[in-house]
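I am attaching a structure below and will ask some questions about it afterwards.
Naming follows writing order (A, B, C, D and E), and every chain is counted from residue 1.
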Amino acid sequence: MDLASKLERLSLELVQKQDYLYKVTVNLERLESLLLSFLNEFGYITLDSINCRDDLEDGFFTITYCLQTKKRDHIVMVQTKIQRENASLPTMHTIWPQAEIMEREMHEMFGVDFPGHPTLIDFALEYWDNMPPLRRDFDTLEYVNSMNPFRKQRGDALDAKEEMKKKREAKKAAKLKAEKEAQTKAALEAQNNPSDEVKDEE
Amino acid sequence: MKNNLENTIKIFHGPQHPGITGNMSVELDLLGETIKRAQTHVGYLHRGFEKLIERRTVVQAFTIVCRICVPEPDPNEENFARAVENLTGLEISEKAKYIRTMVLEMQRLATMFLWMGGQAGSIGLGLIPQWSVCDRDYMLDRFEELTGGRVYHMYAFPGGVRRDLPEGFLERLSDLLDYYEKRIIVYNNTFFDNVIFRKRAIGVGVVNRDDVLKNAYVGQTMRGCGIKKDVRKDMPYLMYDKLDFDIPIQQDGDVYARAIVRRDEMLQSIRILRQIIKQMPKEGEILQKIPKHRKFKLPSDDTYVQTESARGAMSYYMAGDGSEKIRRMQVRGPSLVHAYTLLEKLLVNTELADVAMTMNSLGICPPEIER
Amino acid sequence: MIFQIILLIMLAYVVGFIYFGLYRNITARIQSRYGPSVYQSFYDSIKLFSKKNTVNFGWMFYLGPVIMATGAILTLVLIPIFSDSDFLRSVTSQGNLFVLLYLMVLGPLGNALAVGTGGNPFGVMGVVRGLTRLIGLELPFYIAVVGLIIAANSSDIVHIIDLQKTTGLNIINHPLLFIGAMISMVGFFGESPFDIPGAPQEVYSGPRTEFSGKFLALLMSQGSLFAFAKLVLIVDLFLGGADSLEMLILKTFAIFVTIIFIGVVYGRYKVEQAVDFLMKLPTLIAVLGLARVVWFG
Amino acid sequence: MESGFYGSSLDDSLKCKFEESGLENTHKIMEKAVNWFRSRSIFVVAYGTGCGAIEMPPTFTSRYDAERMGVIGVATPRQADLIILSGYLAYKTLRRVIRTYEQMQRPRYIMTLGSCPINGGMYWDSYNTIKKLDDYIPVDVAVTGCMPRPEAVIDGFVLLQKRIKNGEKAGWEKYDENFEFYKDNQKRVLGGHIDPSYETDWYNLKSGGKA
Amino acid sequence: MAIDIKGVLSPLSAIGTLFEHPKTLTYPQAKKDIPVGYRGFHINNLETCIGCASCEEICMNEAIDMIHPDIEYNPKNTSGCVPRIDYGRCCWCSLCTDVCPPSSLKLDNICTHAECDPDNFLYMPKNIKNIGEDVS
């Protein structure tokens, strides 16, 4: 592919993921210039989307820009990593107008800052004062439990595993009991009729 | 710039409004009836899908994705299934591919009928919604037979589809297509040729052709401007490379051009469905046998899939992390850019009466903007 | 006399509501469904009268429906219902077409007054649209009426009816005037393509947005009274009036169904498109009719 | 809240008047008649708060035609008797719903569609949706399903009509009686911001940023 | 002033529908046949249910509770519990029926349930052997 050689000159590797999907990984310093050269030199004029992934364990966000040419016959993902703490990215809204809304969403959902972005305000949430919700350390279930009570009628629910164990134990106990009873019965019988046994022996 | 907004009154078009497509609102600054500024507000439908999906395994997340866009769930299922298949390297059988293609095209027809109702309703032609929603219902009846669900089908499972075709299904579908062909002529007479619709729609909401490619406008917005692009042709998935169909285009870029493109696409959908009915293999595995009771382990990798929905290209970004759960799934539907970047621009200097019409013709679906 | 007036209002009320019910049914049939019961409008109006009102915009707001109802009732009383009987003759002979044309505008003005105090932007917008549309509607209708007055040499409706008995129906004698008047009558009935004031996709219910409960019921009642009055007016002017109740209902129903058909199959013009259209085509037709009357008798 | 003149028939003052003149039976019959008319004519404002919005068009158009039962769609909450909340409610929507509901005139009813307003539904662990709607506004009829078919919605209408006809205690009366309870719940979950906010100065933000 | 004659006249063809039969389903009176295989409400064959709680495990809505039934059930039931479904949670995805090892849990094609009290949506699946048999 032509793009691969072009990128090789920039010492970047183009990886083919699927039939129509390619990926370039780049570090944050070179991101802006690479996107500009994608737009101006390589002919990738469409910014399809900006995706953000929270890699909590490694402590960074993975940002993916998906670009397409005029022909729209393949997609190139330009991927970069930014620090999770005080995350900040260059804004692309001056180049691609649609980036404005994508970045606004990312700001709200991940808390990524975009210096120079004009409208970094609420996108979908209203009066939100908690952690940005799509960060993976935000526990949505805990938040729900603190805000909203569920219905209480389901209190009689049983833990099936426990019940299974209980029943198994009960069965075992019943079996043991039965065995014991049988034993004691036998023993009792033996005690009650020792004479018979003796007689038998005789 | 600020002087423009003097003497304007501010009204809210939505969220509870008969002229809005779903639950969103547009804040309008009006000078008389002329709009001086428009601002989209969403968030009334935000559920945090992407958060919910992170908490679920692949099998569990499968049932939730179709809710992302309510009027047309199937492209979502298809995208999700294909993303999982890409990540895990599953191959699906030819019959499953045909069935999925068929479901997608059926969904496209159903969505188009619903759109036609909305578009006609937005100009006060109450007759067409009554007819077209009923016609859409007949397609939902077929879905009911095939998938067991009326609106949410939950049918395209990663690795195939969940059920085989019922007996005699293809014949009944074929009958329905005959009926639809007749109906489209009726709609052509009563709606597309209607003098009022032509008068209202021609020259309104004109999209600038130069913006289209750069700003990632998709679907009919793009094809109404004379740009012949369609994911089904450019990056064919499923069986689309083996099927014969055209991409209808119009040159004007206004509401009427988009309506005509949609009408022609309905005819193309019928054409595709007829081919599928003819070519559908009799035998074939419906669902791949997945070891360990339908448990998927996604590798720590990412992928990006695109499907042509009835309103344009819909894309999913999906990444796994080596466990059963999905690390991240991001939805990029066609509405996001249309509702913000495009709508806010198009509405300026049009009239209040054009808002509902323009919005409908862009195919905006609020639940998909904010997930 | 008072008894007759009350009888007339009751007749108009019943016929108007049943017509409204039929309107819903016929529309529903064209939309291939059954539609509500014919008496649905009665149910609606009684239910609305029984609702509690908790909003208070002041007296002016609530006078609006009253003014509108007054306009409707006066219009109704001044139109001769039957051509041959003495029913209400002494009242109708007091009025002539000019008074009627004035009274027909009273309703929208009362509405404007009320909605203005309500302060709902959608209501105000609807009223402005309604008044703008009225300019367009009145022109062809007034020209047609003037043409009839010239032809009959009198502005008395009774005279116009009587004249049609000798010269033949005006619909045949002056078809151009009839077409012009009918097109604007579609607008007076608030039907598509001229239903812009209350377009739900744009301004909710337009002028009615803030009205609820009893006042909405009053609006609906006056609407059906007024609709009946307008139908009778058209019948009197162009179809030679009616000499019996059956004839009246037959003729008004024919006009009504025509209006419904036009309303169902077309969409809605924007307000300036509507005025533009009304100023051009129907006005042209009416003017041609007028010219024909003036030059050829 | 209610002024004498704009008040209504069949409220307490009227009842007193009837009772004073010894006409309790007449009042009862009148009330029954009015209840019947109320059940035959239900004006609906359909607020598509969630997925259920997709089943509203089939219910109200020619396939299922709810209008034949006297259930008629209107545009504004002022004229409506019934508000249909079709699906889950985000917090942002709940603010608008409360406002819409309070604009409706009594008697007013609420119908919810889908399992989400009942106990969270499939968004039970979502950070942005309401789990138990009847804590915040009184629900008269709940229809389950995901989504409920139009048949189920019509069943809901039939149930509501039966309730109105029998003169059973409706949600709006509960809302008036337990106003404090509902308001407290609303405040708890909406953080005091019960009215929607429309205060952001978009225009200055944009031009200021880009200049 | 050009007049679009076709555009004016062709919509009038719609009036012909007035004389056609309406397409409406008069629902409470006339019911539509819901096909077998529709994902409606749950049924559970207590004779074969083994109380394994697979359905509870797969349900991501946590809609399924295992409780002791009032009536007679399968003696081989390992836990003595049968599923009860909260219809304030269920989304009728039918994953629970897919994973059911003895296929005792199924979805019927009955699917309407309206209730005044939102507390009454805990649904005990009907004890039916097969779909179609004894729906009472």
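As a convention for this text, contacts are C-beta pairs under 8 Å (C-beta built on N, C-alpha and C of every residue); 3 or more make two chains touch, one makes a residue touch a chain.
None of the values given here were measured: they were computed from a predicted structure.
Asker: So if I look at the partners of chain A and the partners of chain D, which chains show up in both lists?
Answerer: Both-contact set = B, E.
Asker: Give the label of the chain whose average Cα location is farthest from that of chain C.
Answerer: A
Asker: Tell me which has more C-beta contacts between its two chains, A-E or B-D.
Answerer: B-D
Asker: So, what's the distance in Å between the C-alpha centres of chain E and chain C?
Answerer: 50
Asker: Just give me the whole-number Å value for how far the CA centre of chain B lies from that of chain C.
Answerer: 44
Asker: Return the distance between the CA-based centres of chain B and chain E, expressed in whole Å.
Answerer: Using C-alpha averages as centres, the distance is 26 Å.
Asker: Once you find the CA centre of chain D and the CA centre of chain E, what distance in Å lies between them?
Answerer: Those two chain centres are 26 Å apart.
Asker: Using the touch rule from the top of the page, what residues of chain C touch 2 or more other chains?
Answerer: 28, 30-34, 200, 204, 264-266
Asker: Two-or-more-chain contact residues of chain D, please, as numbers and ranges.
Answerer: Residues 61-63, 65, 68, 75, 92, 118-120, 122, 124-128, 132, 146, 149, 202 of chain D touch two or more partner chains.
Asker: Indicate the residues of chain B shared as contacts by at least two other chains.
Answerer: In chain B, 18, 43, 46, 48, 51-52, 55, 63-64, 127, 130-131, 134, 152, 190, 194-196, 199 touch at least two other chains.
Asker: Among the chains present, which pairs are found to touch?
Answerer: A-B, A-D, A-E, B-C, B-D, B-E, C-D, C-E, D-E
Asker: Which residues of chain D touch chain C once you look at their complex with the stated criterion?
Answerer: Interface residues on the chain D side: 1-3, 6-11, 34, 37-38, 40-41, 43, 61-62, 65, 67-70, 72, 74-76, 78-79, 81, 105-107.
Asker: For a test of understanding, state which residues of chain A touch chain E in their complex under the given definition.
Answerer: Its residues touching chain E are 151, 153-154, 156-161, 163-164, 167-168.
Asker: Per the contact definition, I'd like the list of chain C residues that touch chain B in the complex.
Answerer: 27, 30-33, 121-122, 125, 129, 192-193, 195-196, 199-204, 264-271, 273
Asker: Under the definition above, what is the set of chain E residues touching chain D in their complex?
Answerer: 22-28, 31-32, 60-62, 86-92, 111-118, 121
Asker: Could you pull out which chain A residues touch chain D in their complex?
Answerer: Of all residues in chain A, those touching chain D are 116-119, 121-122, 124-127, 129-130, 133, 138, 140-141, 143-144, 147-151.
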